[in-house]
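In order of appearance the chains are A, B, C, D, E and F, and numbering begins at 1 in each one.
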Amino acid sequence: MDMQSSNHFDPDGAARMVDVSAKAATERRARASGRVRMLAATCRRIRDQQFAKGDVLAVARLAGIMAAKQTSNLIPLCHPLPLESLEVDFAFSEDTDSGDAWVEITAEVSVAGKTGVEMEALMAVSHAALTIYDMCKSVDRGMVLEAIRLDEKSGGRSGTYRRDSE
Amino acid sequence: MDMQSSNHFDPDGAARMVDVSAKAATERRARASGRVRMLAATCRRIRDQQFAKGDVLAVARLAGIMAAKQTSNLIPLCHPLPLESLEVDFAFSEDTDSGDAWVEITAEVSVAGKTGVEMEALMAVSHAALTIYDMCKSVDRGMVLEAIRLDEKSGGRSGTYRRDSE
Amino acid sequence: MDMQSSNHFDPDGAARMVDVSAKAATERRARASGRVRMLAATCRRIRDQQFAKGDVLAVARLAGIMAAKQTSNLIPLCHPLPLESLEVDFAFSEDTDSGDAWVEITAEVSVAGKTGVEMEALMAVSHAALTIYDMCKSVDRGMVLEAIRLDEKSGGRSGTYRRDSE
Amino acid sequence: MDMQSSNHFDPDGAARMVDVSAKAATERRARASGRVRMLAATCRRIRDQQFAKGDVLAVARLAGIMAAKQTSNLIPLCHPLPLESLEVDFAFSEDTDSGDAWVEITAEVSVAGKTGVEMEALMAVSHAALTIYDMCKSVDRGMVLEAIRLDEKSGGRSGTYRRDSE
Amino acid sequence: MDMQSSNHFDPDGAARMVDVSAKAATERRARASGRVRMLAATCRRIRDQQFAKGDVLAVARLAGIMAAKQTSNLIPLCHPLPLESLEVDFAFSEDTDSGDAWVEITAEVSVAGKTGVEMEALMAVSHAALTIYDMCKSVDRGMVLEAIRLDEKSGGRSGTYRRDSE
Amino acid sequence: MDMQSSNHFDPDGAARMVDVSAKAATERRARASGRVRMLAATCRRIRDQQFAKGDVLAVARLAGIMAAKQTSNLIPLCHPLPLESLEVDFAFSEDTDSGDAWVEITAEVSVAGKTGVEMEALMAVSHAALTIYDMCKSVDRGMVLEAIRLDEKSGGRSGTYRRDSE
């Protein structure tokens, strides 16, 4: 092939999976949280398991667990990681002044690997929240996913991170 | 088989995909939005494409689009839907008082189907937001996903919904 | 390219997705069932929700629903179908003579499509059964998946099928 | 946020991936089996490769192998495992009294990991069986998946398990 | 939120799924082809089924069919389509001058939908080719995937396309 | 069960995942390349980002990365591998005599594992190429995927392979 020109793109801006081959596989943990704001009446129906699609939190929990295992398939530059434990928990809270209520979601994940599990924990929280939305949307389309964030992570070169209380 | 007892569970609380076979396939649209709160410096680096993993918003956009197509595989009781259009857009905003900055995300989806595409729009927003977190987390672990919600939807028996301005 | 020979394989035996383009899209339903044989003590623990991994049947139900939606990705020559309803139900039975007990699983699926949903119903039953095995295997490795079969289907050119009582 | 109440759910019954981070990664093997009962005529057609969809057992074998690799995506609380070997084998048997015939399926899997591969072996058998059903159902809807079970497993804290002959 | 600025990105260059909601669902077909160049000895081993991993072409055919069904999950901006038929065929050819040999691959796909199936046909060919590489690479790492292209497509607004003979 | 006969199939020709349990997990790398031949005008439009679906190469790069992570789910007998780095790069070339132009694609992958990453590198190249086709096909259906091949690999029992210049 007689080629006139062959100029490579400037690598700046090109997406890539960061090379972790020189990193050590250490025990890593991450905890993330978030919440779904809703009408107090919606929250009561969740507690009382009054939704046609089923037990909202049992389904949301499974959705969070299963989505976390898919993290590297969905977050484009995430490395695949063999998760070793994964828990999703829920709590209810209510603001009597505004009449708003929340389902609060916490997810905790651990792995022995070369990269952290922050994204897996955030995936679990987000998908639990999205599933709550899906199961309750017929009665409360105004629900809002809020405050999805990393609370704490440990392991790896960057060490331990702990969110300050707000 | 000589059986002593065979008692079915009470259907209350059992998860199920709602039967949509009697519904009409109509044109349905949904628009959702959300934002990622971050340090103003992080936001500037995104604008300037200074992240090692690549062009943050180009990757986040793709992640949102591809995740939306996986909605029924990830949200347990969602029906599969053949999406007909899907767009993800971004904007920047900044609060000069607090020093916080945001990437704002909007997703709009349409389909001709028997169920709506609210979840697909929310999936696109959430996954774009999660991908922004992933690509910038090495410099700003405190980023928060906020205000992920349905803005508008049309089509189907329940008609048009439009979120009131807050 | 100067070719000496170009002989096609005999098509006999070659896997293919059967062409359904000339078929009509009609309402199709299928119901399948199966059971998991186990120790009576295992069955009681399932009823009493005494397993470390969680509420066995709630998880199994979700697993069945989600697997059914993946049928065309897993059964190589199945056509993709937009499922319209999907239910998985459980019942307990016990044989007082042998001391064996069973969780019985039924799945019912419907679609408006060009092919039937027998495989989706069988997938739902099989995956609910496999998930029961997974969640209880630490205490009862001898569990057996039995009698997984199509009970009834309707719609399509071949019409209605109903299994005779055995 | 001024909250009135924040009460956590009782963890009993909540699904979770069991924590395996303290376990050692050892060599683990599992063998499972099952069978598909069918008309003797169906069995002969499988042997003679007379099905329109293709060579039934070659397709079923691949389906079993590929499904086993998806185990952690489909069985909700399974840990992801990097399978190291996987074989699916078939045999024919026939009961001359009843006129029934069977395709018998065996799957054997190995891994070096922190959890066992029982579910991967059972997935391979089940999906091979489901695929046989799919490919032959046009001529024999009465086929039944039977006796899907773990035959043997080794490795891990619980050591070796071997099913007694029945 | 007191915002200083909110400027949208210029839409130019932003990835999006093209809106097909106004298109008619018509019968669409596509045929693609490609080939794997290899040593003549490798080609003979494929014919004689002498590879440790199994019958190369049977596995490659399945891989092509199954990958085509995943097209919209893998090609980022493809629309999901319910494939109605899908065939993958192989032929052998040899160049006696150079000593090279080829497995030639053809895939044909049809659907009734709003977008064409060119990508599904190209996916089937590419994945059949990649699978041939995988199964034979232990003896011939120099194999090359060549001439993967669309041969013909029909249906849709752009009508019929037929590649001219080269 | 009173069985008349039970004869196993001859293992020859049966697909299986090769057993790698006795292999050592070593650092392995692979580099593959390929190109898409197109009209010079198409190539210029890619450079100028003039396609309705978006920035062609940014999307193609992501598609390559994400597909490589799915290799073991799509190439039937591939082992799952936790990829540690993955880069996809592009270059343009043109033949002034023929008027043809090419986008050239290179992918480089590394892992610490028991099998090599040749297939992951070839998957990245193929899917980047397929995505280029998808995004430009509305203006140039005659594009051809060419010369997709392994350039170099290192690690593992078979050591280093380097393609000779052609």
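Please note the rule applied: a contact is a pair of C-beta atoms (placed from the backbone, for glycine too) under 8 Å apart; a residue touches a chain by one contact, two chains touch by 3 or more.
Every value quoted in this text rests on a predicted model; they were computed, and no experiment measured them.
Shared contact partners of subunit B and subunit F comprise A, E. Comparing the CA-atom centres of all chains against that of subunit A, the greatest distance is found for E. Here the repeat of C-E among C-D, B-F or B-C is B-C, since over half of its contact pairs match by residue number.
Interface residue usage between subunit D and subunit F, two copies of one sequence, is largely distinct: under half of the residue numbers at the contact are used by both copies.
Our note on geometry: subunit E versus subunit F, Cα centroid distance of 13 Å, whole angstroms. Inter-chain spacing, taken between the CA centroids of subunit A and subunit D, is 30 Å.
Per-chain CA centroids place subunit C at a distance of 34 Å from subunit F. Under the contact definition stated at the top, the residues of subunit C that touch 2 or more other chains are 14-18, 55, 58-59, 62, 66, 70, 76-77, 80, 82. Chain contacts in this assembly follow no simple pattern; the graph is neither a line, a ring, a star nor complete. Taken together, the chains touch in the following pairs: A-B, A-C, A-D, A-F, B-C, B-E, B-F, C-D, C-E, D-E, D-F, E-F. Considering their complex, residues 1-9, 11, 14-21, 72-73, 76-77, 79-82, 113-114 of subunit B touch subunit C.
Listing the residues of subunit A that touch subunit B in their complex gives 12-18, 34, 49, 52-55, 58-59, 62-63, 66-67, 70, 74-78, 118-119, 122-123, 126-127, 129-131, 133-135, 137-138, 141-150, 153, 158, 161, 163.
Those residues of subunit F that touch subunit A in the shared complex are 27, 57-58, 61-62, 65-66, 69-70, 80, 82-97, 104, 110-112. Of all residues in subunit D, those touching subunit E in their complex are 55, 58-59, 62, 66.
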